[in-house]
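Input: one structure, supplied below.
All chains are identified by letter, namely A, B, C and D, in their written order; residue positions are counted from 1 within each chain.
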Amino acid sequence: MRYVIIGNSAAGIGAVEGIRQVDKEGEIIIISREPYHTYSRPLISYLIYGKTDREKMKYRVDGFYEDMGCAFMGGKAVTQILPDKKEVGLDDGSKIAYDKLFVGTGSDPFVPPIEGLNTVNDKFTFMSLDDAVSLEKALSPEKRVLILGAGLIGLKCAEAILHKVKSIVVADLAPRVLSSILDGEGAGMIQKHLENKGIEFRLSAGVNKFATDKAYLSTGEEVGFDILVIAAGVRPNTALLKGIADVERGIIINEKSETSAKDIFSEVKLF
Amino acid sequence: MKKVYVNEKWCLGCHLCEYYCAFAGTNEKDMARALKDIKINPRIRIEEKDGVSFAVSCRHCDEPLCVKGCITGALTRKDGVITINKDKCVSCYTCILCCPFGAIAPSEQGAVQKCELCVKSAAGTPACVKGCPNGAIVFEERG
Amino acid sequence: MFDFTEVNPMAINFLYPNYEVERNYDRCISCRACERQCANEVHEYLPDQNKMVCDDSKCVNCQRCVSICPTRALKIVKTNNTYKENANWTGKAINEVYRQAGSGGVLLSSMGNPENYPVYFDKILLNASQVTNPSIDPLREPMETKVFLGAKPKAIERDARGRIVNNLPPHLSLSMPVMFSAMSFGSISYNAHESLARAAEELGIMYNTGEGGLHEDFYRYGKNTIVQVASGRFGVHPDYLNSGAAIEIKMGQGAKPGIGGHLPGAKIIGDVSRTRMIPEGTDAISPAPHHDIYSIEDLRQLVYSLKEATEYKKPVIVKIAAVHNVSAIASGIARSGADIIAIDGFRGGTGAAPTRIRDHVGIPIELALASVDRRLREEGIRDNVSLVVGGSIRSSADIVKAVALGADCVYIATSALLALGCHLCGSCHTGKCNWGIATQNPELVKRLNPNLGYKRLVNLLTAWKHEIKEMMGGMGINSIESLKGNRLMLRGVGLNEKELEILGIKYAGE
Amino acid sequence: MREGQVRIPAGCAISGLIDRTGKRMSGEAIIRSIAVMRDRSNGLGGGFAAYGIYPEYKDYFALHVFYDGMAAKKECEEFLESHFDIINLSKIPTRKVKSITDEPLIWRYFVTPLPTKLADSQLDEREFVAKCVFRVNTYINGAYIFSSGKNMGVFKAVGFPEDVAAFYKLDEYAGYCFTAHGRYPTNTPGWWGGAHPFALLDYSVVHNGEISSYDANRRAIEMYGYKCTLMTDTEVITYIIDYLHRKKGLTLEEISLVIAAPFWQTIQGMPQEKRELCEYLRIAYEAQLITGPFSILVGFEGGLMALNDRLKLRSMVAGEKGDMVYIASEEAAIRAIEPELDRVWYPKGGEPVIVRLYGGQSDGN
């Protein structure tokens, strides 16, 4: 029996541990776009903040893959799934057969199509370790930062970089921070707390246009910035399963994590 | 594997287990010195109401929700004992939300703390078991 | 009923607390365990000052707080406030006058006679074999402490093939010469009884139900149980008589010879009242004497009616207090059909007894035992009965000395209570025993976990058994039968001629 | 201080031999045997028991008596005349031996209970004689009956056993069974009665060892009417054997299961019938259990029993040659009189060696 797992984050690791609880012998291959040993994505803000380091943020101990008896293929992207041949195709053209496939590709950041976005040179998303590393390189005390999105990712990014930059403005279409999680009263408390820390907010404000280092908000205000961080939500990465299994905003699975396609499983993306 | 079990039938609500637990955590030799004028934060706590009382601490579940919930891998299960790696813990407190028994709590230094069966402390057998005057907390194998 | 603990109607408080609680504030971490565990409400936590304080006047020195304090921050000291007492008017004598002048009632106390009459066990020394005959090493050679209690057969009977017929009367077989003496369910708690029963079973000895009947949960320990029949006949019915391995008729108790027992109604609740077959809340009075035994021949009738009730399958024990004519009484009992005589010395314990009687009535068990053993031998009836003595046996050395004086076995009770946690505070009669032993209050009864209690009893007697074997081995004796009545193994020290003569032992050095 | 006021521990040598055909032999052999073990005694006691030596008086009780003086003799003889028909009396013939000094008067009486006295006493003749012996030994000062069996006699004194034999001209006696004893008391008994063997009726006991259960045994046996006047192990052991054998009717095998009772752990492993017997005997006769080291030779009319304590803390060896059986503290004492033995063995602790004349009833009583 060979299990192939796409994705090396919480879902992929959970799949490995789940399989090993039941099947100690089966062969497991983990394929991950990122070359890194499995790491905890939520900790990228703590990495920049300095509360953890590359070693401590590892999601499992170094010997994890070996202990679990699975092969780790880092830095390889899966480009297609061939359910009839029960194979997956990689970006280097090679094919890997599977008996059971798990799609744990997670989500990608949603980049809203705003006019002039391409004119901004220092713009970043904040989902992966690479995002964090490249963002950190760009930071310096005189830089002004604009964060698009006052959700979990946006605010965690703000918390992480606050003491390394001159100023932070967080803009969000919603009338309150963490709009999908908190009600007005709760969000107000968080907002006040962050404002005391020096973070400015522009709520119920979309960005109509960008011009290199300026953002023209729907409120008519003009905000200057040196660095732009896009944290306007995420979209589950369902590309690989299009046409193979039922997919809506996310991949449809039952309580056994089975997708509608035979021998293909996936995970649930919560937000 | 031997675990800590509580017989509320014999629990006197004297709270001594809490003090022995706090003391074991300090690795000090004298409890008076260790806990003088300190508000203790033990990993075992007494729940009591209307004459019924019992101690609550980690059950070291076979399929721990806290380990599954931990976003950093700081909580691990080794030889059946759920232990916390305080360096890795970023005190996001997801585990505190997940634990059905309320057996995990923030420690003074921020990272979470929980009963680790005194594996690390000098007590040898769990200090709460040793300190319980009436055998209400036992450390034994129960199938 | 006048509450005897209420001491003085007048404003002046004549009685200064006997004990003071000393708290070492450097070591006290205000964990409040003492406050939670003191049923007499001596300790109190002051939240604002985060400090523990206490009220000495309520302290009975039961040492519960001292024992469980995790930082050893507490100790109880005798007050150094003293009356201007003298050798005649001791502090105790003065206190008793003040107390009675206030209460107008009989003084009540618990535990055994505390007066400093001579303790003869402490004036008797044991022998050891040397040179002319070897000691025996209990680690290498068998060392037997097994004893049998009951009457010996009168003659040998043989069957047609000449084989000896087993005409042994019913008897008790014990792994060692110790039994737990009578403490009724009601004066001590359900958990205390369970501890005693389970310990007796594991040790292969007996425990005595006392005069409170037998709780149905404990019928399963029947083969290690002696069921007692006292003057109150509490809980006595055919199943009860047949449930034990032996029946004991309580004619007397060392702590209170000549008077009956009184368990206050407050303790007659729930199971206690059901087991005793008396209504809840009524005082359980055991009259003195048995109102169907006014002479020795009446006793014989009760002995035989109990034997009839149990088809002559169980030995009958008659328990008496050690009083002046104990030898004559014992000789009469030995002829009454009883199989075992239990003699309880004047230091025997009690849950409650009038202080005067506990402190001034009865004689030392050592002298009683020695003279009874001699009298029965002189009368040629020593084989009719086994002798069991108690009141009080404090250590394995006391056991060896008692057996050498002529006892077949000893009864222990206070030592057993100590093993369970008792600290002789002497307030059993108040029902607020902090150790969960002499109480029926569920909150306190919970404090004696039989899983721990029975183990402590087993530990104590296992230790004593080893010590008995060591002492026997030292004397070159490898079966305890050879120690029984072996008075040459004893020598007296600090005794006068008369005491030596009564004890039937020589002076050390003779 | 006369023996009896204080208990004197003693080491010893013992020896015994018996011809199972009942053929009578001279005392010469037993003398040679006990002499070999001279260093096991210290000259403060020696004695012999001889069986079958008075064939002509075999139906009469032969009383051997020590008197301190003529007064005691007169009082004792008055007592004897009022209770017995004295068939013959005489001094026991002795020789002058340098090491045997200040001997008491030693007389011998062949007696049979007066029929009227016996009938009044409602006792059998042996109980009658036993009671008389106790009466004399306890209440008649200066008189001590040290042998009271039929067709047997004890000869003992303060001195080495071979000198005592010479003194009593033991070589001139002929018997089918002899036992001998050399004593090593820790202090001077200075009184002939204290020497071994100790005898009552036809039972005689020689003993090497020092029992720890002495006072328990003594106080128990005294309850059955025995008077312990010497405070020695041998006295108590003799009374125990008399009590169990004569009064209780136990066989010699059963008696060995009482006084050298097997340990409980051994009893547990026995087949059921033996187990029940041992349990019964240990419970019924617990006060007759003897603990501490002992090796005894019990002579009785028609046989000999040897027995060691359960742990065999004293030496004892047995030998066999044809009809002869030898038992002694040391093999040397047997080889000295019978170099070529068919069989030699060391009886185990608590295991009796019971030798009976051919054709004799099982227990000689």
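We take it that a residue touches a chain if its C-beta (ideal position, glycine included) is under 8 Å from a C-beta of that chain, and two chains touch if they have at least 3 such contacts.
On a predicted model such as this, the values are computed, not experimentally measured, just so you know.
Applying the stated touch criterion, the connected components after chain B is left out read A | C, D.
Should one ask which of A-B and B-C has more C-beta pairs in contact, the pair is B-C. Using mean Cα coordinates as chain centres, the one most removed from chain B is D. Among the chains, the centre nearest to the mean of all shown protein C-alpha atoms is found for C. Averaging Cα coordinates per chain places chain A and chain B 35 Å apart. Averaging Cα coordinates per chain places chain B and chain C 43 Å apart.
Mean C-alpha position of chain A lies 109 Å from that of chain D. Taking the mean of the C-alpha atoms as each chain's centre, chain B and chain D sit 78 Å apart.
Chain contacts: chain A has no residue touching two or more partner chains.
Of all residues in chain D, none touches 2 or more other chains.
In chain C, no residue touches two or more other chains. Chain contact topology: the protein chains form an open path, each linked only to its neighbours in the line. Chain pairs that touch one another, listed by label: A-B, B-C, C-D.
By the touch criterion given at the top, residues 68, 71-73, 76, 87-88, 90, 92 of chain B touch chain A in their complex.
Taken together, the chain A residues at the contact with chain B in this complex read 10, 14, 40, 42-43, 46, 51-52, 56-61.
Residues 26-29, 31-33, 36-37, 50, 67-68, 70-73, 443, 446-447, 449, 451-452 of chain C are the ones touching chain B in the complex.
Chain B meets chain C in the complex at residues 9-10, 12-16, 18-20, 23, 30-32, 35-38, 51, 131, 133-136. If you check the complex, the residues on chain C that touch chain D are 129, 132-134, 136, 141-142, 144, 146, 148, 152-153, 155-156, 163-164, 166, 168, 171, 377, 380, 382-383, 475-479, 481-489.
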